[in-house]
Amino acid sequence: MTHWIVAPIILPALLAPFIVLAARYHIGIQRVFSVAGVVALIAIAAGLMWQASDGTITLYQLGDWAAPFGIVIVADRLSTMMVMLTAVLALFVLLYAIGSEWDTRGRHFHALFQFQLMGIMGAFLTGDLFNLFVFFEVLLIASYGLMIHAGGNARLRAGVQYVLFNLLGSTLFLFALGAIYAETGTLNMADLARRVTLIDAGETVGIRLAAVLLLLVFAIKAAVLPLHFWLPSSYAEAPAPVAALFAIMTKVGAYAIIRVYTMVFTPDLEVTSGLHTTWLLPAALASLAIGMIGILAARHFDRLVAFAVIGSMGMVMVAISLFTPTSITAALYYTVHSTLAAAALFLIVDLVRSGRSDLRLIAQPVVPGAVLTSALFFAAAIAMAGLPPLSGFLGKLLVLDAAFDTASAAWIWAIVLISSLIAVVGFSRAGSILFWKAKTVTVSEEEPNETASPPATLSYVAVGGLLTLLVAHTVFAGPATSYMTAVSDQLFNPEPYISTVLDTPGKLSTPKEGY
Amino acid sequence: MELLVASAIGILTAGGIYLMLRLRTFPVILGISLLTYAVNVFLFASGRLSIGGPPILRDGVDFYADPLPQALVLTAIVISFGMTAVVVMIALGAYLGADDDRVDDPVDASAGDAT
Amino acid sequence: MNAFRWLLPHPLLTLLLAVVWTLLQNQISAGMIVFGVILGVLIPWITSAWWPDTPRSFHVGRMITYSIMVIWDIMVANVQVAWIVLTKPNSKLRPAWIVVPLELRQPEAITILAGTITLTPGTVSADLSDEGHSLLVHVLHTDDPDGVRDQIKSRYERRLKEIFA
Amino acid sequence: MSLFLIVALPFFGALLPGLMNSAGRQACAGLTFTVSLAAFIGLLTNLPAVLAGELVTARVDWIPSLGLNFTLMLDGLGFFFALLILGIGLLIIAYARSYLSRDDNMGEFFTYLLLFQGAMVGIVLSDNILLLLVFWELTSLSSFLLIGYWKHLPEGRQGARMALTVTGMGGLSMIGGMLILGQIAGSYDLSVILQNRDLIQADPLYLPALLLILLGCFTKSAQFPFHFWLPHAMAAPTPVSAYLHSATMVKAGIFLMARMWPVLSGTPEWFVIVTTAGLITMVIGAVIALFKHDLKALLAFSTVSHLGLITMLLGTGTAFGAMAAMFHILNHATFKAALFMSAGIVDHEAHTRDIRRLGGLRHLMPITFVIATVAALSMAGIPFLNGFLSKEMMLEEATHTVLFGSHWLVPALATFGSLFSAAYCFRLIGHTFLGPVRDDYPTKPHDPGAGMWFPPAILVVLVVLIGVAPFLAEPFVKLVTASVLGEAAEVPKAYFKIWHGLVPALFMSVAAVVGGLLLIAVFKPALRLWDAAPRPEAKTIFEALIAAVVALAERLIHGLHNGAFSRYGAIMAATVIGAGYYAWATGTVGAPTREMQDMTPMAVAGWLMLAAATLGMVFLHRNRLMSLILIGIAGLMVSVGFVFFSAPDLAMTQITVEVVTIILLLLALNFLPNRTPVESTVMRRTRDAAIALAGGLAAMGMAWHFLMRDAVTGPISQFHLANSYKGGGGTNVVNVILVDFRGFDTYGEIIVLGIAALLIYALTETLLSGPVRARLLNRKPDQPRAGDMHPTMMVVLTRVIMPVVLMVGFYIFLRGHNEPGGGFIAGLVVSIAVVMQYMASGFSWASARLRYPYHGVIGAGVLIAGLTGIGSWFVAKPFLTSDFTYVRIPPFQEFELATAALFDLGVFLAVVGAVMLSLESFSRLARRAHVKDPEHPMDIDPSRDETQAAAVKEGV
Amino acid sequence: MSFATQLMDTALIIAFIVAVLAQIMSMIRLVLGPSTGDRILALDTMVVNAIGLIVLLGIAQGVRIYFEVSLIIAMLGFVSTVAYARFVLRGDIIE
Amino acid sequence: MSGDIIMTYAIAISLLVGAIFALVGAVGLLKFNDSMTRLHAPTKVGTVGIGAFLLASMLHSFTYSEGSMHELLIMAFLFVTAPISANFMAKVNIHRRACDTPPEPPRDDTWSTLNVPEEDKHVAPEPGASHHV
């Protein structure tokens, strides 16, 4: 019995209350524990990823109850990869939060941070749909706390909308779960995959409703048009390290779509035919377009980055919506890229903020350290806009390549390429205003923030680290894509996953008992 | 009976959606609470309706309501309680800061310059 | 005695809790009663901070007779009020405020008096005066407010004074 | 030297100048020069192989699955371009060392320059077209940095953005083209693609691929109508202009057309598009160049024109045309770089580049004069200079080219373009260097140091050398041409010589030169005519276009994302309803499988009240207290409904949560306005009502559908019913599911609660440490408050009731596993008991006397639950595995000890802590200044002596 | 015996109907108001009636496990009534 | 056997009595036209009605199953809390002027509810507050 697989969930879940209990008034101790926890998470995630890399699917039956009666968590290539991505991202975000002292501007940052990690890890690992809902809620409520960390009017107002929107999303999730249970009598994803095949072609409405509602729920998380409205303000107003951590949150939605719609409601499943395959692609393309146009239209740097996130999620979703092994490979590659790039950009926003009176895209006096910041911005913007040589470009090539043979290739290509151009124009516009135009402005009546001090070295280390990861993602794109090809092969051959989950006996049950 | 429950879900949903679309945080929060009721009843109903069979095991009784949706709804109620408390508090914080409890947040559209 | 006080700050409450526990369990067994007493000691002990005043003298026996009398009054008055509700048109109804000057001093006694008045149909204790010397009572229907006041004082307040003597 | 190293050297070298900045300008430049030189020498080491006709290659896999690999090759064409890039690069570096002023950050400049150089080398050495794309876009990016190097100049920023936009657009379209090409050929390797001419040209996607690739080439090479960015790129420092315009950036498009020539050319599409574009560009560029007063602008448009010329030559699709093109590339690179550097010298010395303010410099800066004049005459096509030779070849080719069925169109236009070309060259010489010396130069110019004139001088030597002895260049140009043509055509036999006899090209050449001289003679009236003529300013159009796009984008984005949650919510609801309807409409419905159960009066009444409460909330929601009361009714009815349908646990949870929620809402409403104003229009309300109705119907329909049908197969809860007692030790199946079967959900659930409380606490702290604090302290009530804060009767009752409620909570906790109840409900009941105490005596009084560290309670709860789960690890069982046993200790009856109870205790503590911490937060917000904490539990206590009572009265 | 049971069943039905009627009438009062006191009173009455309904349901179904529900509703009904009233009286209910 | 019959009759009677009082409470709530008089009906009559139901339930449990004293607890709880609830609602009515102004207390200044804190005097009572909650 190995318990490592549950560790990514349990470790932060124990660390957080421990921090609340024991180190509530000692920021130093909190930091040490928080960082140590995340480092341990990386180590654990690396182990799990290594274990899963040969195709091993590890099952963990919570409470010793067999699926589908109890909750199981499952480590396969995809889930361990996402766990790894989360842990790595968390480390740099945490370093930034410490370096920039964001973690001292409100209470309980580190506890909330750990809880947030717990929620994300749980969402990636669970094999049960209702448990997925619970972890969604954990990660959401922690995200509410982090989003409004340090307070401030604009942030709280944006926070209200963010919470309200997600409450609607959670409500919808429950509707979907109700429909699924009513229709199939189960909540376990693998069991669901078996049961949907039993559904009669003359009675498909129920499962179709369930499949669509679930898709909408995940689409909200993934900020797919027209369900993306929650994102711009909340990401723009969130504290920088929080926004950076949020870069993984949209990916939870993408992950869930990949998981459920390659295993349960597969593209070739009769009873749900024509559902996600019809509407997801147009919506994804629209997200891509709106996101990139938003980069051009944004009047604030932070909102610009928020729109970039929408656009990059659109790109991920375009790839996902094709539901082929190559397109999922592309989607996964782009997911990693987009997470790192978005996080880096949000942190850079904060570096820029620390020298300016606000983030409006207008010329303001130049600040010390701007050269380094501008170089970081240039690199991150290149990555996000999908220009060579960074991973955004490679991801784009992978997506375009995967779309080549599809019926909608012309649309996909046109929108991907044109929106890239718009992003390039938008980023160059913003960059030249922020970093180039600065010199011409003499110090005007609007003094730069008096209290602002140049960012700490640790902050630059964090951003630099993320960009280094992006470079690594580019340089080692070959191994990365071949791993992701393996991931997507495993996804498109779900039988081992399903049988591992369902055919392992648990307390008081043998595998055949359920049927 | 099924019709009553289904239509109750419908009424709660409709009322919830209408209030959710109001312009002040307070009615919006209440609207979402109504939606929560609706979805809790719906989730509960996914175990179908049983009268007189609480899922408390008794000797000689073999008619029980489906316990699983009940457990799920219980979890959902608790979670939405936490969520509601949080949204109330955040909305209150936002109101106290700006003396304005409008839920719409006009995004500052001050112009940038592109030259 | 002090140790006893410390252990059992409110013996009556302990008794009450033990009875409630037995009622909750719906069965009487040695174990249950022991457990009830344990809880009956523990809970007042935990919450004693919210009982800053020392308990006053309280005659349990008189309280029981008082309770039986009140229950009887409630039953009788209920019928009267039901009759008023069902038969009296609103126009014929003569509600009135009456002021009951209080001789009782202990809050517990005043509370029981007010509760008794409210539980007895036809009258509701509405308010205390700002220094607690009078009780405001609303009467549903009466032609003789002073008579109601006098009855309250003689039938209930007098007995309560004895209970809390 | 390995090709990798040649490409990598500039890139890695680019790191150095930036880092070396502090080491001084000399070090920066020297380092840059050394790096370039190393690459240059590395390239030369491959010369023997290239001359021997070998293909030098290097390969490292990058993304094999995509077909994008780091594959390099060096053939004649690549060598030629690499030579130009690195060779002229060396001269530019030397020149820039002298040119840049002390204010310029030299490290930054050379970093960009080396990045750019590396990208260019990468383009010409790529064997993989995707890799080529990578380098292609890198040139766009690095040139963006170079053009915008002088950040303080608005023209620099605009020019850089324009260049990036236009070439970026081309690059993106080329991505499309290249991907199509690769898909047709089955490989992205050039070596493979170049073998598949017939396959590619026969493919239906050939035309799209061609168009997309040409768009990339044309934008990069500034072909009409994308020519406008190039002149604006001149805002860059002159060394950059010289580099970009002569040997590099703009030549990349030409290079690619040459590279793809074997597979793409030879079709009518290629011929018409490329030739026409080249011809138009050549003519327009020349005409505009003549009338430019800025030396660099004149040169920039001349570059446009010459690029058009080369493009046209490639477009003809003949081997001779290709050869002429290659030759002209070489010649153009030499004289154009020299000219730009000369212009830079003039600018540097005279502090102006405006031809109208110059003249007579011949006497002041003779060396510059000689260099510039020779280069300009070469560009004008004067014999014995290299420009003459390739222009002759161009005119020769033109006479053989039939475009749109016309034999004279191409020759005539070619001559016309050459005429203007000659004219602007003459103007450059005449108006800058000739004429009398003036006394109104911004500064008195003189020849600069050798550092600046030596680089162009070297180039001018080449100009003359090739012009006089063309046979020297012939083998090399033919070698290059051979690699352009590949297997598609044979290298022409024609020899490079000055005198070809009295061929038409010679007459055309003469006509051009003579016409050019005449045009200069009538320059002033011509200029007036030009200035009077209306003509579209490409830059203005571009800027307007961009502005329009931005405005459109802003309208779209800001219109859509206007911050209105009410609209977002409506869109979301409509989307969900629409998607649900779609799923419904495209599915099939069978007959119901379940009987409908009879309605009972109680159910109908419950339904009626629920409906009434909901409708009441809709219609009376503006009265907030009223809507709170109504939601209480709705919750009560839902709760009764749960009882009715056999869910006592749910009913209890629902009602307790409901009351606690209402208490929290009341606490919040204390601060909020008590009424909601009427703000939305009738139209808006109608819309919302319509959406709400649709949503209600949808939910109802869905619920009805499922209620009347059974699940597809037996629900998993059958297992729970069967094993709850056997495996979980409890008869309350719901509770066993919560703490055992699905304990992990519950674990998450209490964490949610804990986080909620932490969040509320943290937010309160933040609010109270911010500007809100002062306002809260001096807050005035919005309604008059009644007296008697802590009514006597309530306080007295609470003393009795509160312990009883606590005991009930304890009871419910213990019973949960077997009867309705459990840790969660117990936690809420206990919380309610404490709330009663708070409501009776006030929070401050109550908490001053008894208060637990609620943070700790929450933490302990979550930890206990987690540690209970971990406990099972010690018996080698998974997280949260439960165990139970039955114990008998006299006098108690046998009772059950279950680990699940410990878990439930965690739940209990988390709930209590969370509720208490939230209440505490609200209470802290409500704390007002100058209000003392009450010292008595009740306001009115006649048993206290009169003085005390008076004191309390004062305190109220 | 059978008459007695019949009578009991009839009485039960009557009690159900009456409790339901009482609920509806209370609801009407709640909507009509007019004062907040009336509304709180109506809510309080409805809570008490709901307990009655649950008790009747327990009798009708012969199930004894609704006791905890009734007890809790009784407790919470009281608390919520006091909370509403305190809100009207003082604004801050735990002041 | 006969005991059971008697018990069954007792249950039926309890139920009917409860029904009557529950109805009376609701009728009073609906019928009376003044907030204070309305307060009389349900807080007591209703309590007795539910008390009778609880009694019926208790009898029923003793007759048809193991027997239960739980109902006593609920009854006690309702009876103990009803006066406090009524007191609070009466205070609300007095505070919101939803009833006739009560006469002055003889010894003290005013009724505790009307003893509005000094700092709140400036807040004018909402016009027509009693009719709009």
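Here are a few things to note about the model shown:
Should a chain be cited, it is by its letter among A, B, C, D, E and F, assigned in written order, with residues numbered from 1 in that chain.
In this text, contacts are C-beta pairs under 8 Å (C-beta built on N, C-alpha and C of every residue); 3 or more make two chains touch, one makes a residue touch a chain.
Just so you know, these numbers come straight off a predicted model, no measurement behind them.
Steps from subunit B to subunit E, taking the shortest chain of touch contacts, total 1.
Listed by label, the chains touching subunit E and subunit F alike are D.
The chains in contact with subunit C as well as with subunit F are D. When the interfaces D-E and C-D are ranked by C-beta pairs in contact, the top one is D-E. In terms of the distance between Cα centroids, subunit A is separated most widely from C. Taking each chain's centre as the mean of its C-alpha atoms, subunit B lies 36 Å from subunit D.
Mean C-alpha positions place subunit A and subunit D at a centre distance of 16 Å.
A straight line joining the Cα centres of subunit A and subunit B is 25 Å long. Per-chain CA centroids place subunit B at a distance of 41 Å from subunit C.
Looking at subunit F, residues 20, 27, 39, 43, 47, 68, 70, 73, 77, 80-81, 83-84, 87-88, 90-91, 93-95, 110, 112-113, 115, 132-133 sit in touch with two or more other chains. Those residues of subunit E in touch with two or more other chains are numbered 17, 19, 23, 36, 39-40, 65, 71, 75, 82, 86, 88-89. The set of subunit B residues that touch two or more partner chains comprises 20, 25, 28-29, 38, 40, 42, 45-48, 51-52, 54, 56, 68-69, 72, 75, 79, 82-83, 86, 90-91, 93, 97, 103, 105, 107, 109, 114.
Under the contact rule stated at the top, the pairs of chains that touch are A-B, A-D, B-D, B-E, C-D, C-F, D-E, D-F, E-F. Across the complex, subunit C meets subunit D through its residues 13, 16-17, 20-21, 24-25, 29-32, 34-35, 39, 43-44, 46-47, 49-52, 102, 104-108, 110-111, 114-115, 125, 127-128, 130-133. Contact residues on subunit E toward subunit F in their complex (touch as defined above): 1, 4-5, 7-8, 10-12, 14-15, 17-19, 21-23, 25-26, 28-29, 33-42, 44-45, 48-49, 51-52, 55-56, 58-59, 62, 64, 67, 70-71, 74-75, 78, 81-82, 85-86, 88-89. On the subunit D side of its complex with subunit E, the touching residues are 601-602, 604-605, 608-609, 612-613, 616, 625-626, 628-630, 632-633, 636, 639-640, 643-644, 648, 651-652, 655-656, 658-659, 662-663, 666-667, 669-670, 781-783, 785-786, 788-789, 794, 805, 808, 812, 815, 819-821, 825, 829, 832, 835-836, 838-839, 842-843, 919, 922-923, 926.
The residues of subunit F lying in touch with subunit D in their complex are 77, 80-81, 83-84, 87-88, 91, 94-95, 110, 112-117, 119-126, 132-133. Those residues of subunit B lying in contact with subunit D across their complex are 1-30, 33-34, 37-38, 40-42, 44-58, 64-75, 77-79, 81-86, 88-93, 95-97, 101, 103-107, 109, 114-115.
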